[in-house]
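Each in structure tokens, the structures are laid out below.
Next, two complexes with chain A in common: one pairs it with chain B, the other with chain C.
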Partner chain A sequence: MGEAFTLAVSAVLLAGFYSAMAYGLGLIYGVLRIVNLAHGGIIMAAAYLAWQLFDRFAIDPFLAIPIALVVFFAVGVAIYLGLVRFIPRGPAGGVQSLLLLFGVWLVIRNAAYLLFSGNEQVIHTTYATSSVSLLGGSFSVTRVAVFVVALVTLLALHLLLSRTFLGRSIRAVAQNPESATLVGIDVHRVYVISFGLGTALAGLAGVLASTLFAFTPSFGASELLKSFVIIVLGGLGSVVGIALGALVLAAAEVFAVYVVPPYLTAAVGFVLLVVVLVLRPGGLFGQRVLR
Partner chain B sequence: MTRWRPVAGAAAAFLALYLAPVLLPIDEYTHDIVGLTFVFMAAALAWNWVGGYVGQISFGHSAMFGVGGFVAARAMTALDLPFVLAWLAGGLIAGGYALLWGHPTLRLRGPYFSIATIGVGEATRLIATYWSDFTGGSSGVSLPLAGNPSKFELYWYGLYLLAAAVAVSYWLRVSRIGLGLLAIKEDVEAAGDLGVNPTLYQDVVLFLSGVMVGVCGGFYASYQAFIDPQDMFSFDRSIGLILMAVIGGIGTVLGPIGGAVVFVIIQEYLLANYSDLYLGLYGLLLILIILFEPQGLTGLLRRLLRLRPHRFRRERREAAT
Partner chain C sequence: MAVLSLALTGCIPGRDGDDSDSASGTPDKIVIGATLPLTGTESKTGARFKQGYELAFEMENADGGIDVGGTKVPVELQLLDDTTDQAKAVNLAQRLITQDRVNFFLGTYSTALVEAQSTVAEQNKIPYVTGGGAATSIYAKGYTWVFGTLAPVANLATTEMEWIAEQQAAGALPKPAKVALVWENTSHGKDFRKGVQDFATAHPGSYEIVTDESFALDGKDFSAILSTVRAAKADLFMVDAHLPDFITMQRQYLSSNMCHQLITYGARGTESDAKTALGQTGVDYILSAVWWNKQQGNAGLNKEFVEKFTAMFGTAPEWYQALGYEAARSLFTAIARAGTVDKAAVRDQLSALDMDSILPGGKLRYPADKGGQADYPFVVQQNLPDGSSPIIYPAEVATGKGVAPNPTCHG
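After this line comes the complex of A and B, so read on.
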């Protein structure tokens, strides 16, 4: 017990953040078959938005979440309508959409650099250093709050996808766009909304990240990689799969401190990705991952 | 299979470039930059073997560039190897490193492979930065003055490297292997059914690509006479290779060459003054190319060449009716 238990709780807390972060990427890939390489850039931009709101208007990052959701939903819709819409679907479009969204990422990074310089930024909330005792261990308030927000988000998403007409349309298009068209679903509209929703979720993750980590304009590369590892681990089928994938990654990272030097924990996700893809190309818990 | 026209053209271009510094009054700065550009061309072509011929976009080629550079530098400082041998050693080890991560990841297709390569690049950079016994950490490695060629001589070595890269590019395009690669690019499973072993073919191409990029890294080490891991393994370096190929036209032989020229011109003449803007500018360029001319300069050129006879024919047809 003791240390291992504390680490386990840390892993669960981290997994909450990770699943919120990965869901945006998973949603866009599931519906549009496009890997949003700008995902990390959006996360970074949202962290800067939270920082600006806090710094200029003293808006707490957790209260900034609705603002970020609206702003980045609009950003996502704009990116889809302005750029992604013109890329052909299918294997040929795969390479093009990768490079296109990679270009978007570079532009976002450069914009952040021009606006806010390359210096590291941190949000100092009044409660940043306070902690709560939980199950016998002591954990920072921020991390627990992030976990709660992530959990609520996953629940809301689950309800959206399973209980509403929009959610069912999204799932129908993800399964088969042609058949969805036949039953009267406006597929183009679903694409726009899914891209907006996925981007909004990346925005949410960025706001949450801003309370946990220091960030620079190049923040987001490892977040993109981790999100991808999670959707590969968990499959795209369900909220539960994503949560489990996040848990596996978080546990691997947290417990890696026993085995590898700290600077290599960043490589843990990658190693996990390769191992899983080679051993179980369909993901750990889902199918429908490869194509 | 080998047609004489492209071969003769390449030979003439080689001869012209070989003699140019002797016959033309070229200033030292341009001479050095052109020599370095040759090597960027060679590296972009090598990236293109994987990215263009097989359609597997790698965001992690800086890993092989860095490995090649540091192995070459260490071979020169610690083992006193002549520089050409040191570059070759760097290239071979870089190729081996490419196989090490490539063999398991190349069975992934499309975005899966690409994201894995982002991981490879990042992990390699981290390891290299912390493994300071080998890479010198943040203080880097300086090459010995004795035995290291001057930038003036390096022009011709750069040209040889480019010639080798062009030869391999052409060979990969016209040979049986090239056909196999095209088949893999179109449909991996169908290629497998036709007796093309996708794993073997892709391994071979990634190995060749790794060797070439590694040798280019060794050249770069000699050229700069000083290298540090943050620069050699940077993500920007991988981005640079992608951009050169995309600007020029993915999957062609001449494309990455033209793309490298544009890239170096942008880098040297425009961005020297606006260094804050370079990432965004490259991003914008990437977006514009993908949206309007996914085949890059090659596609643009083809379109321009095709434009005329088309219009001519249409006009004639209209005149006839």
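After this line comes the complex of A and C, so read on.
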């Protein structure tokens, strides 16, 4: 019972990081119907930004989150205005957007190699190995903090999308851009903001990742894949679904150790992906519309 | 241009570097081809091996070159960047061997790249010496042209177990000891596991392996494995992991308030990155083992290597540079002993090699029964709270005394 409780808490904490990792990918797909393959590169770049801020200016990674959000919002807007907006919307632009954003990822990765080499980088905060006790179990302070940030992000996104004009505009464009235009919504502006917001969320995930893991310029590939699994599990385009999808993936990976050898637990998510795509292509929670 | 061509004694490809000797029967120069991951994920390690090669070539040419049948012949390195890419490592090796017609080959770094590239050398029947492939699977294929300077990772585990056995004999560690064995699911991890298992089998009644779990690379959460380890109530926590997984696992281990009488992550623990990531207290008393350490450099060949390396690069060498240096030096020695650049003759000399070495044990051989892979003990180190990591085993190269059981464990 004690072991199961510890694993359950670990799964919930891991789900916090996973959901933060997937929000950006889900938002951009939900609004623009584009799979942002540069997502992994942005996560990696944000981890390096956090490391530089910590190393040069002693700014704690959690305090660096606002900086990362602003920087990567601007990066996202620049990528959209400079590249993505020239791609046709809809199925015609599908392959083009994949190739274009994959290219952006390669550029970001190679730029990181040039700037920082292939050395592993880590951030060691004073609380990196500290723990908090909860009902007899000990849990990493950093993982708890990451979970709290992910939860706040979920609430903020939910409020943004449900309680603000911008959020309602984003949802309207996600549902039907032509109709949104007819009611006076500036669809182009919504696209720009959504891409910027999605990129900023990827930046947030990168900062959080930098507090948990060592990273190199090749960091981000498995994060992209898992993010993709999560948004499919949660229902493409649903923010709450993304959080639930992250919880399902994290629980599957953590508890799979009871069923399969630990080295196979990383594959459990991909098996889930195939099963869900076959049986419930709309996601476990069946939501195709951003909300 | 993606491919970086470097030559230490000139940038001209060695088209005249084949077996066609000059009128005197001796070539004007010997060209040795090589690739290393100078960019990409293994660029840091590739650059270190390059330094080892450069020093070996510099020292050999400073003396006029390799003595081939009484004539000093300069040796030239034709080094290309394989960008940490298997296909590129294979293609560049093919190009160096068949188009540039290099005389001999020094291998690349990382098991995956060496595994692929060594096949090209075998197919083209060219002596291939690598300091960068430790997996026994590379040498279990029956190849006769491939030689490896890195001892098997199983030896890493064996050497650590020998030190542990000494502590058991001294009453510092329990006997029998319960071992929690956790390993990455790679050839590296499998060899480590084999080393521990074989040692335990060879010493019945001394060890009980209570956990035997593997994990995939780049794990994001090790709580399930650590939970299993905790439940097993082991005395020794023995893990084989690369740096990113070591950092993630050790952080979770510490924040779970776990503690064992002995803890090791294989080769991990002494590097500055580990101390940066975990803090000094996070790495205290971790046992580790590597193929070579600069603390061995107090006398003889080691002293010469450390001094010349430091003078040339302004920094102290690590095992990567030492292994690159020894790979090149063993090839030079074989060429000199063959007295010719005939590939088969040099291959035979490599097979029969028995030379003084900077590596632990003081001798470098490529035994046929190991498939051409060198076989020597590792040097065991332990992190101490004062920030030092002395060699604690084998006794003949020890620079300090190890501590067991882990004094930070209470109860």
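What to note about this one:
Assume the second predicted complex is superposed on the first by the 279 of 291 C-alpha atoms of A that agree within 3 Å, B and C clash if a C-alpha of one lies under 4 Å from a C-alpha of the other, contacts with A are read in each partner's own complex, and residues count from 1 in each chain.
Heads up, the rule we're going with is that a contact is a pair of C-beta atoms (placed from the backbone, for glycine too) under 8 Å apart; a residue touches a chain by one contact, two chains touch by 3 or more.
All figures in this text were calculated on a predicted structure; none of them were measured in a lab.
By the touch criterion defined above, A:Asp186 lies against neither chain B nor chain C after alignment on the C-alpha atoms of chain A.
By the touch criterion defined above, A:Ser222 lies against chain B and chain C together after alignment on the C-alpha atoms of chain A. In the superposition on chain A, A:Tyr113 contacts both chain B and chain C. Applying the stated contact rule after C-alpha superposition, one finds that A:Ile87 touches chain B and leaves chain C untouched. By the document's definition of touching, both partners, chain B and chain C, reach A:Leu264.
On chain A, the surface touched by chain B in one complex and the surface touched by chain C in the other have residues 113, 222, 261, 263-264, 266-267 in common. The part of chain C that touches chain A in the complex is made up of residues 39-44, 84, 185, 213-216, 218-221, 223-225, 227-228, 231, 243-244, 247-248, 250-252, 254-257, 273, 276-279, 282. Across the complex, chain B meets chain A through its residues 55, 57, 59, 101, 104-105, 107-112, 114-116, 118-120, 122-123, 126-127, 130, 235, 239, 242, 246, 250, 276-287, 290-291, 294. Of all residues in chain A, only 3, 6-7, 10, 14, 17, 113, 117-120, 122-124, 128-131, 138-143, 212-218, 222, 250, 253-257, 261-267 touch chain C in the complex they form. Chain A makes touch with chain B in their complex at residues 29, 35, 83, 86-87, 91, 94-96, 98-100, 102-107, 109-111, 113-114, 221-222, 224-225, 228, 232, 261, 263-264, 266-267, 269-270, 273-274, 277-278, 281, 290.
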